[in-house]
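These are the structures, in structure tokens.
Both complexes below contain subunit A, partnered by subunit B and then by subunit C.
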Partner chain A sequence: MQPAMTRLTRTGGTRAARGSLRQRMWQARWCYLMMAPGLILVGMFSCYPMIASWYYSFFDWDGISAQKYFIGWQNFRDLVHDHYFWSAFGRSFWFMAVATPLELIFSLVVAILLNDRALKMAPIFRTMLFVPVVTTTAISSIVMSFVFAAFNGPVNQALQSMHVINKPIDYLGNPHSVMWTAIGIFVWKWFGQPMIYWLAGLQTIPQEIYEAARMDGARAWRQLISITAPMMAPFAVIITLITAVGNLQAFAFMQALTNGGPFFSSEMMELYIYRMAFGTASTQRLGYASAAGVIFGVAVMVIAVIQILALRRLRSNSSSGMATR
Partner chain B sequence: MNSPESPGTPISRRRALGVIGAGGAGLALAACTNTSDTTSNKTAAPTPKSDFNIATSAAKLPTGNVQLRWIDSGDTKAEFFKAFFSAYQKKHSNIKVDYQGTNWNTLTQEVGLGFRNNTVADVFELPLNVTAAQAVTNGWVGAVDDIVPNWPEVLKRYPPGLFANGINQFNGKTYGMPFSSNGRIGSILLYNSDLTKKAGFDLDKEVLSFDRVRELAKKCTKDGNGKYYGVIFGLTQEGGLSNIVTQFAEMSGVHGGASGAGAVGTNSINWKTGQFNFTHPMVAETVELILAMKSDGSVFPGSASLDQPGARERFPQGVAAMIFQGPWNIDPWTRADPSFPLGVAMPPVANPKDVWPTTHGPGGSDTWYFSAKTKLGPVVADIFSYMSTEDAQLHWADYNGAGGPPAFPAASAKATLDPLNEKALTLANKYTMIAPQPAVRNPDVSKVFQAQKAPQPTFDQTLVGLFTGQIKSSVTKALKGVQDRYEKSLDDGIKLAKSRGAKVSRDDWIFDDWDPKKPYAKLYQK
Partner chain C sequence: MTEVMTQQQAPPVQRARRRRPWYARQGGKRRLITTVVLIPVCLIWIYPFLWMLSASVKPNGKVFAGLGLFPTKWFFSNYSDAWKSAHIGRYFVNTLAVTVGAVIIVLITTSTMGYVLGRFSFPGKKLILGVLGALVFLPQGYTIIPILDLVTALHLTGNLFGIILAESGTAHIIQVLLFAGYFRQLPNELEESATMDGAGFFRIFFRIFLPLSKPVIATTIILQIIASWNDFLIPLVLTASQPNLRTLAVGIYSFQGANATNYSNMAAASAISLLPVIIIFLMLQRHFIEGIAGAVKQ
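Moving on, here comes the complex of A and B:
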């Protein structure tokens, strides 16, 4: 066997190797066939628009006319000087930075409670807490805009009846409170998703470890930091990545809730791109919006790469730790 | 094991799940409502005063069974078209009409996508993000001249200003059909007469000055004691404040208006000088009025987080005494609640003894186009020909009132409307004038509009920033910033268009023979 393997390594492709690759592919042909529809859809609705946006970002084009004008890097140069672009960019990452830990901590606490076998009707609570996730985003936003309305909104009425506030607060019309209100609603809407991921991870921890720890006198807090936290660490990296990237994509939510207002104070990158692409004051700039999308996409990719590298490092640390033992 | 039916025992998990599931199914069924159809919740439409007298046109109609698809922005137009198409299908039993009166967002998506994948309806209004020039250049719309055999005769029935080169006519042919006039006061004063009378104001007899409208708003807010306020706005939508400011300012003497709307601000130019109006002192005074009403506490709380439909929905619930929106709201409100004490009045002006007209461009308030790929040209021609008759225009007035005034002045004069629509239409006829439009005099101007980049922030966005306090500078300084941005936007657009071959200059925006008190009809004479 070894000489054949050496031949493969040296040459990178002998007749035996090509034959075996083809054979392997033929053996897995049903897998490729099953994956094909998904890949085609991803190609059509993700890859093609992404590549097309890179192309259009070099044009002055309104997205409607047959005529496009090639302008090179001008769109990118204009974006560098666009204060509203950088505000939306910063706001998106600020939103992610605030909403993500809130969502993760809240969902982890709830998952730990739901994972307790002593809790009756846990599946019902789990379902109820997951319902906001499956509710249509735009409808949730519209309903919440009524809940937080300054006039006769239930939240204001409750706070006024408890004498916490004297006058109603315009949560979504006040530039100082709109983003915090949006974050609160967003966390309420989406925390059920990481909660399910945490639950899945918690259920991989053998109960015997907890039993042994209890017999050794470890209390809940000690169990949490010595057993749960270290064993959940690999899950945490993945869940954080998924949650963080998901929190950068809040277009439908924000558009229905505030449409980026008042006066851009809740405008995030996707709303900025939408505004540029589909016009305000009768002009549309699809090329410019595409350039904004390219820059934002690169930034999101950088975050994803950083987290993947962190996950790899974590895994290699834990496997080298095991090897030492 | 405890029975779930025993009193005092907790409900069983199975039963709880069953109840929750049934509740969820009920909610799901209740949610299955098409909320995009703006006519689905209307109360009874008005009964037409006479039957449609659909004359036979010169078009040769098909003899086989055909279906025409028609989509527009609905509202009161939908009431007319539903009644008309019912009569039309009765007359021509082989022709079915699939009419869809929907909201602008749905129309924009459907028609926009329809252009790209060749599934667009036979007749449509253009999406808000597509200009007529673009639609013609891209070959999406057909020429009426090519389908209506006696088009020159039909065209003669229309008054000057409905059709104009560069607006709905291009290269000597007509593409858009304006069945309604542009002569409307877009931000008329609509008020709750019970609330204003309680405050001691009779708006049937008084044209409000800026001081008086502020006083009225304050008094109503005080009377309301938290249950209602003086005025309600919808600021999250573009135009929420700028439409109001331009209306008040133009009728107070800012010739050409100051809305920041149109093709990047064309509705904001003093046509005598060709300069934008944003730094006119009266514009600043109007903005100060709005801010003063806000600081008085007279503005409905949450106006900054409402869009205009949201404000419109709340006004008939009695949450505010006044709202400044279009006369197209009269019919939906009065039909939904005939007992609602709605009143219509002139918008406030700086000096009620010196009221200036408000201007509008050529074309209609709504314009219909037909697909260049339609196979039902004769049917479209037949309907367009009928819509261009006095009979159709009279019926149009019955259904649309002042919200979509008929294109024919004779129909407007003969229409018998309810008192509110009558008042709104009378005010519109008295105080709206057609203004110059540079794209009509020089078609290359439309290339400037395509090259121009919208300023950021726009005039309306700046007003919202001032309203919420996010723009901390003075009103005058903020308006100077707006003026500079719009001037730069136009100058840069002209420069770019010229580099692409357009023959334009800033002088195209100057009409030194313009008299703001007279209609500038000579540009549109046939």
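Moving on, here comes the complex of A and C:
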């Protein structure tokens, strides 16, 4: 990949590559030393918690008293029979399955429209559509809970003045509408992120290809199907992966928007874990919440790994296709 | 790293050939429709923030009085009320401290890791990259309980260091890869001449390479500012028993729980916390978007 070993003059030069593993590690000691601060922090706050969660999940532990009681798989057995757990679990994945395609399709359409050198207002549009992404999630959720307020919220006022509805709707207070409203607000909040991803991908396509297609008389639609779509396919997989996994982690968004209510009808997985672990002081069940966290974490990782493997396969297919040509 | 932003300049050849106004060019009608559709969409997109700003200068009873954005009388007292009685001032200082601390730590950890991963090969390199990449998909709900336990065990619950360290300890793979990619393409002569002068491994990095990586430093700083300002679960859990350590996101969330009907103060508090990030974003947009786009390209 790179001739880095030859550069490593101070720590042994080219000979280093041929030594035993221990020799090579000793020769690279400055590398390890320099990475130590980062690796230690990641180890403490990312790797250790992954393992510790498993450990905690085998205990009955209220977090306040020092006493932990080992109870084996009992937490997991209880979770299987916990109705709230399964609805939160299912809701998280339902949310991902609905929000992700909406976000990706809309953002792709807008990105294609904005990826046009002659569109003078494109940078302004892009900035305006991107602003919600940078705003603090919890606070923009609170603002949106006012905007969608049940009685005189701006959305109700606007729709009533346009006679779309004749009485105000309690968007976030009704168990039947709360998840759909939340998805709408979620798409508003995060839409800009995949839009930037798509734009980054679109800009890797050389303009000359479009020029050539235009010379051959290809119209905009034809260019989209025959040039843009195939060249964006590898990007589409990674963008879908990042967006889908991100959509499973909507704690700040949902907690500040609905607190999981009304009647737990918008409680997603991380809200459930939070409620079990820290909800009310008297009923803290950290071991139980850890078990729920472990199941959720493993499920997210499995989805990510499946998608990464799909990406690998797609990439190797396209590169072998190139080679045979 | 390629520029994401330069869309506007058409090649000069084209410009000379096409003298017709923009709307009469090929696809001009399409562009006109795009513009006409996108203007109202974009205005609706930022309307919630304009509404928030407008509500923040209205008396509490008038917040939901109509859709108009311009108040007849400006009540800036909402801001001073929020700053003092809702403790937004203290939360602001806390958030600032957490952000500065996290920016410094993340800058050090990601630049050093990026340097080593970008310019050297050593046993375990692929493992480190793989682990960092996989950790991106780690849900916070999975790790938060051990993080709380660890911070408690380190006796860091009484100050902001616990929050700073926990935020810095998530995998910053994008920033590491941006640094690695940047350092990789710098010429070897830089190191060679410095080694001749007797400079050591760390000295070469801090004196020569780090100062050269200003664009990536800028991207890392702005990504971390927005991430720290945005973080919610870690400060929420770590400050549960210490309201005076709350950050803005947590403080405003708790304020809303306690004062559900004080809308104008809430709007002022929200404006105080959202405006700094929006302004920073508008000023440093290019770096931020490069960082975001870097995620897909790596």
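As a convention for this text, the second predicted complex is superposed on the first by the 284 of 325 C-alpha atoms of A that agree within 3 Å, B and C clash if a C-alpha of one lies under 4 Å from a C-alpha of the other, contacts with A are read in each partner's own complex, and residues count from 1 in each chain.
In the analysis below, contacts are C-beta pairs under 8 Å (C-beta built on N, C-alpha and C of every residue); 3 or more make two chains touch, one makes a residue touch a chain.
As the structure is a prediction and not an experimental result, all values here were calculated from the model.
Under the clash rule set out above, the superposition-derived model of subunit A with subunit B and subunit C contains a clash between the two partners. Look at A:Thr228: by the touch rule set out above, it reaches neither subunit B nor subunit C. Of the two partner chains placed by superposition, A:Ser107 touches none, neither subunit B nor subunit C.
Of the two partner chains placed by superposition, A:Asn75 touches none, neither subunit B nor subunit C.
Contact with both subunit B and subunit C is seen for A:Phe278 once the two complexes are overlaid on the shared chain.
In the superposition on chain A, A:Phe251 makes contact with subunit C only, while subunit B stays out of contact range.
When the shared chain is aligned, no partner comes close enough to touch A:Thr240: not subunit B, not subunit C.
Contacts of A:Pro132 after superposition: subunit C is touched, whereas subunit B is not reached.
Touched residues of subunit A were counted for both subunit B and subunit C, and C has more of them. With both structures placed on the common chain, the touch criterion links A:Ala149 to subunit B and to subunit C. When the two structures are aligned on the shared chain, A:Glu270 is found in touch with subunit C, with no touch to subunit B. Put simply, subunit A uses residues 121, 124, 127-128, 149, 151, 153, 278 to touch subunit B in one complex and subunit C in the other. Across the complex, subunit A meets subunit C through its residues 1-2, 4-5, 7-11, 21, 24-25, 28, 30-32, 34-35, 37-39, 41-42, 44-50, 52-53, 56, 110, 113, 115-125, 127-132, 134-140, 142-144, 146-147, 149, 151-154, 157-158, 161, 188, 193, 196-197, 199-201, 203-204, 214, 220, 235, 238-239, 242, 245, 248-249, 251-252, 255-256, 269-270, 273-274, 277-278, 286, 289-290, 293-294, 296-297, 300-301, 304. Of all residues in subunit B, those touching subunit A in their complex are 13, 16-17, 20, 128-131, 134, 137-138, 235-238, 260-265, 300-307, 314, 319, 449-450, 452-458, 461, 464-465, 467-471, 500. Of all residues in subunit C, those touching subunit A in their complex are 2, 4-5, 7-10, 22, 25-27, 30-31, 34-35, 38-39, 41-43, 45-49, 51-52, 55, 63-67, 105, 108-110, 112-113, 115-117, 119-124, 128, 131-132, 134-147, 149-150, 165-166, 168-171, 176, 184, 188, 191-192, 195, 200-202, 205, 226, 229-230, 232-233, 237, 240, 248-250, 252-253, 256, 263, 266-267, 270, 273-274, 277-278, 281-282, 285, 288-289, 292-293, 295-297. Interface of subunit A with subunit B (complex): residues 62, 64-66, 69, 82, 84, 121, 124, 127-128, 145, 149-151, 153, 168, 170-175, 178, 258-259, 261-265, 278-285.
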